[in-house]
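Take a look at the structure below.
By written order: A, B, C and D. Residues from 1 in each chain.
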Amino acid sequence: MSFLTKALTLDRRWIFLAIGIVVILFLLIPITLPVDVTPESQGVYDTIEALPSGSPILVAWDFDPASKPELEPMALAVIKHCFRRNLKVVAMGLWITGAPLIEQDINQVKANGFQNKKYGEDYVNLGVKVGGYVVVNTMAQSIKDAFPTDYFQTPLEQLPMMQNLKTLRDFPVVISFSAGDPGIKDAWVPFAHQRYHCIVAGGCTAVSVSEFSPYLQTRQLSGLLGGMRGAAEYEKLVDAKALATKGMNAQSFAHLMIILFIVFGNVAFFLTRRKRVQGAEGPRVQG
Amino acid sequence: MMKREIPLLITFLTGLLMVVQFFVPHRPIGQIGTGVLSWYTIIAGFTLLLGIDSLVGMHLKKLQRKQSGWGYSIMLILGLLLALGLGIFSEIKYGSALAFGSPFMYLYTYMMVPLQATMFSLLAFFIASAAYRAFRARTLEASLLLVAAMIVMLGRVPLGAAIWGKFPILAEWIMTVPNAAATRGILIGVALGGLAMSLRILLGIERTYLS
Amino acid sequence: MQNYSRLRSGFRKAQQLALNNHHFKNQGLRALLLFAWLALLASTSSAALAPPEDIKAFDTPNDAGGSNTITWKASPDDSLLLGYSVKRNAKPEGPFEEAGVVLKGQEEFQDAGLTDGQKYYYRVDARVLGDSASSAVAGPAVPSAQWFNLGRVNILAFIMLFAGVVLWYIARAKKGAKLFIRRIAGLDAVEEAVGRSTEMGRPLMFIPGLLSIDDVTTLAALTILGRVARKAAEYDTPVLVPCTDPLVMTTAQEIVKQSYSEAGRPDAYREGNISYLTYDQFGYAAGCDGMMLREKPGAVFLQGYFYAESLILAETGHSIGAIQIAGTTAVDQLPFFVTACDYTLIGEEMYAASSYLTREPIMLGTLKGEDLIKLLIVLALTVGVVLETFGKHWIQALFQ
Amino acid sequence: MNWTLLGIWIGALLTLCIYSFLYKDNPFYKFAEHVYVGISAGYLLAQDYWVQLRPNLFLPLWNDYAQGQVHFGFIPAHWYLFIPGILGLLVFTIFIPKVSWMFRYTLAFTVGVFSGLAITAELSARVLPQIGGTLRPLLELQNGHVSPWETFCNLFLVVGVLATLIYFFFSKEHKGFIGAGAKLGVWYLMVAFGAAFGYTVMARISLLIGRMQFLLGDWLHLMR
């Protein structure tokens, strides 16, 4: 059997190996591919940039572990940006299964150059409350009604930062990383923005960008990070290349790898065609 | 009679009621639909015990007969007992199995989540191997499959746009025109088929499920 | 008012510049533009704002009561607004309280949670930051419940038509009329698959999808299972059916048992072959994969409603060299079955298969009925598109 | 004891056990598979009680008795919940051969309800909107002129829907006009399947990246 004939019936484990190696390699090796910042991502950056130092900002983790690869890098980069600009970050979430992620992410940013940030003075983690837009509405009346205590069961009155933050209206800007509903679409835009006039920005997974982009046109969203690519753009904006930039590389090259495999398979197929008896295997739709 | 005709009658009457309530908004008929859906969750809640019985029964039998792989059956039963035990323990200690920081949620976070995510991520490998095997220009049909897939794949990454600026636009067109057309055709067909199937069931023509 | 329209174009431009300010790397310019925008916003709020017009309030049609609908024509200043606030009171003179808020560009609001038979009056305010303009008062509207949903007449008509056609064909079939049904290739392969498994001395595996008995796709899958089991019983080949739903499992057990007795081999039936794994989607996939690798079935049937696990199952099935016959109505998963399986029953073909396999004339009659309806749809689409092109919406109106 | 660290180790080892399956079936995969099936079955049973049975059945009935909301001294206000409760209990009759047919009442009820719901749902949610969405004017006007490209796209779409529908004709042999239509339908199907496949690839790769970030980052601390 020639090399090409063998290639046609390639053991699929070689493909598995190739995909695995490409992903691991590009996650570990820091190389920089040019990333163009889209206006949508720039919008998120500018929204945060426009806030005066010391302003409060509400950041919502509205996703669970399934969407972590795409949305967590955004959260990390945005928190870094907020800390750097000395904004008072209030973290929360609407997805119960995402609760542990909030604490993990903030601690990770803190450990990388922001050890001086004090809990209760510079940031607060309210934890997760289930109920979607009802939670947002309740927060507009009183944050304490929605979150009597923070994630660590401390009553809000005991947190110095929360003394001036009584309702949702005290936040000029809300950022949500939203994997679906509840999130930007059904809670933050119609309630936080439309009803209570907070500026809303955020991020979503690559698959749902087209669902969210109409809100950009109507300016109900002042910016949107789309998938791993959006996160990579944000990392460029805050000049902290991390998970998403690497993930983006891995994603592009794994994608390229699959395309190359398909091309290779077809080349081998055509070069060996004459030698083989014509047989129709592969996809069949009978009719 | 009791074994066959009455069940068929129950199916017919409940089905008819469901159709009627769709057209009658007035209370109480219009509210039957949502009410009955919550009834179903109750019924389904009970049936889960049947499943557990089957699963445990099968593996206990394996253990008794010392069939090959009986060691793994112990793992399975221990896993099941662990999850149930932690659920009950968390309920007693935290008031709810789903409370923050309860051992039951620990099991969810550090066992269920990684297992689910890892099984799901196997798709990254399988989508590659399936593509390699099936996307060959063997026949006209296979070529169409191949070309459409390649264009959309190239249209989705910056690399594709770098090769030819029109790839993203072309990919978008394929998704919104031919893909949408075929999807619509399939959906209409599926709906008509489902409609006929439901009708056959209500009329008692299709009764395999009661065998 | 004039003051307003003049401002509008300038306002839009400034807003665009201020918010899309990534074009300006210069921070000072950006701040200046932002300031200009805010100044404009302040000046616009002091000018006269046009209220929404043509307010109508009426009982929400075709509902269970307790709700009124309010419609209006958007304010000429709609693009500048934050939105509309709908206000309600039991008397036309007020005081009005807010019933709800809607986004700009919208012209309808449903006010729910009202008392049937009571009168309500409405007013709609156009709102900008710090200012609003009130419309005239509309009403009274009196909420009530309806006994028939007139908006669904077309659906009722369609059901009648469909049922009528199907029943007519069933009657014809009962009288013994010959009904032709084309070959469905995936189905012809069933026999081949069972035969090959038997030759190789391997069992069959039937995966009935991820949904419970509450989905008609699952019922179609179970009908197919009945026929597969019948064939398997004739060949004396075991059928493994791992289930993710207990109700499906129990039903499948009964069906397979019945098939074995019909084939005259009730003794060969093994209940343990039809088992429950877990309700968890990927736990089920992991279990099915393990079963495939260890039991090495000669043929795998993937029939039912599937989600993302479809390709995990189909690729594993392929790797053990089994003939795979898939069938699903899940449009999202069809691409994966078509690429990884030997035969795929696409959407409606799966329903057709379940009736085709029985070979009962009545079943074939319902298939005929479906086809006639499909023909009508094809005609309606063709004529409808032509009519639409000429600006006539008769056919479109039937499908609203 | 650092519970989080232990959790990450458990998660990482289970992840590796599952991945070992890509090479071939082996004891590690068998271990992870059986543990997964067992744990998830137990987990869902416990969750089932908390999310389904307790709030929908037990709690309302318990509250009725506890708060004295009963008619005639013993019929609770939520009396109708006994119907699904009894139907639910009937499934256990399959363990008693003599009355095992009673299980069919539950089955018949469930099948009836959902077949009935399917009839109206298929029509209102699928057939009518899909047809209505296809009924569009072929000629697309832009600034008063016919846009040839848009018009072509509309025509292409409508032809595709018709051809796909013709493919699903069962009572005619695929010959002649029907045959040509069905053939065109198959081409549309193939393009659609290819496109949908290609569209999904990226999302699937990001799942793998997520797991690798967990292994290389959270577990091994190789990424920073």
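The working rule: a contact is a pair of C-beta atoms (placed from the backbone, for glycine too) under 8 Å apart; a residue touches a chain by one contact, two chains touch by 3 or more.
Here the structure is a predicted model, which means the values were calculated and not measured.
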| item | value |
| --- | --- |
| Pair of chains with maximal C-beta contact number | B-D |
| Whole-Å gap between the CA centroids of chain A and chain D | 24 |
| Euclidean distance of C-alpha centroids - chain A vs chain C, Å | 27 |
| Distance from chain C to chain B - Cα centre to Cα centre, in angstrom | 14 |
| Inter-centroid spacing, chain D versus chain C (mean Cα positions, whole Å) | 11 |
| Per-residue multi-chain contacts in chain B, two or more chains | 19, 22, 40, 44, 47-52, 55, 69, 98, 108-109, 112-113, 115-117, 119-120, 122-125, 127, 129, 131, 133-135, 141-142, 145-146, 149-150, 153, 156-157, 183, 186-190, 192, 194-195, 197-199, 201, 209 |
| Two or more partner chains touched - positions in chain C | 152, 155, 159, 184, 213-214, 216, 219, 246-247, 250-251, 277-280, 282-283, 286, 294, 334, 336, 338-339, 346-348, 352, 367, 370, 374, 377 |
| Sequence positions of chain A contacting 2 or more other chains | 12, 16, 19-20, 23, 251, 254-255, 258, 283-285, 287 |
| Chain contact graph, described as a line, ring, star, complete graph or other shape | complete |
| Residues of chain A touching chain D in the complex | 13, 16, 19-20, 23-24, 27-28, 68-70, 112, 205-207, 227-228, 243, 246-247, 250-251, 254-255, 258, 283, 285, 287 |
| Of all residues in chain D, those that touch chain C in their complex | 18, 21, 25, 29-30, 32-34, 36-37, 39-41, 43-44, 91, 94, 103, 107, 110-111, 113-115, 118-120, 123-124, 127-129, 131-132, 134-139, 158, 161-162, 165-166, 168-174, 189, 192-194, 196-197, 200 |
| Residues of chain A touching chain B in the complex | 10, 12, 15-16, 19-20, 23, 33, 65-66, 96-97, 99-100, 127, 229, 251-252, 254-259, 261-262, 265-266, 269-270, 280-285 |
| Contacting residues of chain A [partner chain C, same complex] | 12, 37, 39, 42-43, 46, 50, 190, 194-195, 197, 218-220, 222, 283-287 |
| Of chain D, residues touching chain B in the complex | 3, 6-8, 10-12, 14-15, 18-19, 21-22, 30-50, 52-53, 56-57, 80-81, 83-85, 87-89, 91-92, 94, 101, 104-120, 122-124, 126-127, 130-131, 133-134, 153, 156-165, 167-168, 185-202, 204-205, 207-208, 210-211, 214 |
